[in-house]
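By written order: A, B and C. Residues from 1 in each chain.
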């Protein structure tokens, strides 16, 4: 398990982390989620030992590693831009950590072959990183990090440099890998969908402070503040309140508690329909309907409708 | 990296530089001025020294503009042209870097000397034209090498745009291309001037070292040294070293701006 | 099909004009280059045939000069490879007071006339040395002079590569257990090698032909401290241009070979 206690870090005048404490349970996959500048990468790098905190402590497996070099922390690290050793073959890349530990050549060879199979790069062993696609390079980087059997796997926006479809593929594949291998994993991302899709727990960071920690469902359904709500899913403002667009209901005739609005635009997104309307009390609102609901209402631009929230709106906008 | 090893490496690197570079140069300045400024002034204002100074400048003033024009033209050919043998031209341009100055001097004597290949109505060897030719030879590549990558990097889209707007080739060159490469040219010119002023070996062979006529500043240093006039040699050296330092300063200012327009 | 753009014949004409401009520039450069460089060098080659080539080149004095010159130049290339890399590393990765000034001064041997370089080295490490080190008229003097004039080559070759080097590669090596020394040897150095070698080759090419810095300090004692360029110079002064030409041709061939090797290793315009 990983525990970070009261970590503070400044870069010059800029306060990157402000008294941050987190816990990562053994064998879980935790996502550090936040916008750029939120401090999530710095937090990860401090856990890795690639940065040192100004104050606070890092414990891995109960041992205080705050002042231990990254070489000795037993971590595996995967970088956004792969950090491939471009002068070495895929095989030599993956076997690098084992070579440093002076393992026997046959042991290294066997382990590398095993890992290449796990990541689906068998047959590419003698190629060079320059000959691989981005997705393949990242899989190689993962194999390389896993080769030394780390206690902890740390990934810094690992899919950020990849195409959208490759990203999705690799993300799901990473979750399946985690389910098999069960290494304690911390993943940094700014993509809420990614975090929601694969993490057991999400730590939301903003401007160096933790906003909320919890499983994805909890963060979505019960956000602790407006920031978390806005970051983790779509929001609409009904007057001065924040509501999820799918918690809004439209009706043609007036209902108790409903606000009058005029339809400005109807966007057909296939299975869902987004209705953008101007509230009579001022401001715009975005309502999400299923195709069936939209068809039933037979809406057109210019129609007058009544908007009502079915869930209790949370937070002021 | 531990603090100790970082300091260790730094110390080793600096020690090497101090022993090889800083101490000797520092000492020359010290030796030059240790007998006072008036002695120095005396030795750099003798008629010989003054004529050597002007000769050196004159040679540079002829050689460098010629090589600059050549440099820009060749850079255009290399960066924009499409022809076979481009790699060959590129290699040949580097020749002056690889040829010993003595060989350069010899080659000029063999072509323009008394029994040489080319007989011109005016004296070349042991006279100004010979010195100019030697200087042109050694400083040939600098402007080309600085301007070519800049031209390659900026591409010719701007010139194409100018053409569609009606600019002629000359207008396009003068208004679009030239401003884009001016810092590359400037840097190349600074390097050429430094090389021209500092040339010794090739000029040793072709000039004849005639006092007041074909004695450049570098040749003057050698002559004074040979005549045991150390004070005079140091004075002339200090002057050349000052010019070199000024060159360095200009280089530092211009280097990062080379690909600016 | 043209959509109201430039008619095809006009495009063709403009293309031809551009090619022609390329042609004029090429023509001018070729003429200039031939006149200034190729013609004179051809004269050297031609003159060398007038000498008893083999006798000149295999004379004991000549062989000694070549052995000395090539040996020294190789040593200098090797020393520069090591120290140049070290200095480049310190200038790029370390931070200390005066780093910028030192970085600028590294180019001094490029800017300083070789004769002045010789004089400065002589003043500090010669007969009037204030630190008591006198290596004038010895082979050490040649080594010192060559180290001075070739100082910037490896440093300037390695610096840009080091600056561009992905720092995450070294972080990855650290995360995998490699200490600083091992990380340097296994990850950094292999990526610097092409730059180091081409810088060292440039240093070698410069060193074999060096004249000005050596002529004052080495004493030019035949068969002991006489380098090839000085030998050729003496032949010219002794009115034996054929011998000088013969020696020059060998030197020229050597330099050109190194030049070609460098171009193979580090083609200009290509990035690592």
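The criterion applied here is as follows: a residue touches a chain if its C-beta (ideal position, glycine included) is under 8 Å from a C-beta of that chain, and two chains touch if they have at least 3 such contacts.
Model, not experiment: these values are computed from the prediction.
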Identifier of the chain whose CA centre is least distant from the whole-structure CA centre: C
Among the chains, which is located farthest from subunit A on the basis of C-alpha centroids? B
Just how far, in Å, is the C-alpha centre of subunit B from the one of subunit A? 58
Where the centres are mean C-alpha positions, what is the separation of subunit A from subunit C, in Å? 52
I'd like to verify one number: the distance from the centre of subunit B to the centre of subunit C, where each centre is the average of its C-alpha atoms, in whole angstrom. 15
Touching residues (chain side subunit C, partner subunit B) in the complex: 14, 17-19, 21-23, 25-26, 28-30, 32-33, 36-41, 43-44, 46-47, 83, 86-87, 89-91, 94, 96, 102, 104-116, 119-121, 123-125, 130, 144, 147-148, 151, 180, 202, 205-206, 208-212, 215-216, 228-230, 232-233, 236, 241, 244-245, 248, 251-252, 255-256, 258-260, 263, 268-269
In their complex, what parts of subunit B are in touch with subunit C? 1-2, 5-6, 9-10, 12-14, 16-17, 20-25, 27-28, 31, 70, 73-74, 76-77, 80-83, 89-111, 116-117, 133, 136-137, 140, 149, 152, 163, 169, 191, 194, 197-201, 204-205, 217-218, 221-222, 225, 233-234, 237, 240-241, 244-245, 247-249, 251-252
List of subunit C residues in touch with subunit A within their complex: 166, 168-169, 171-179, 182, 186-187, 190-191
Can you list the subunit A residues touching subunit C in their complex? 48-50, 69-72, 75-77, 79, 81, 83-88, 96-97, 100-101, 141, 144-145, 148
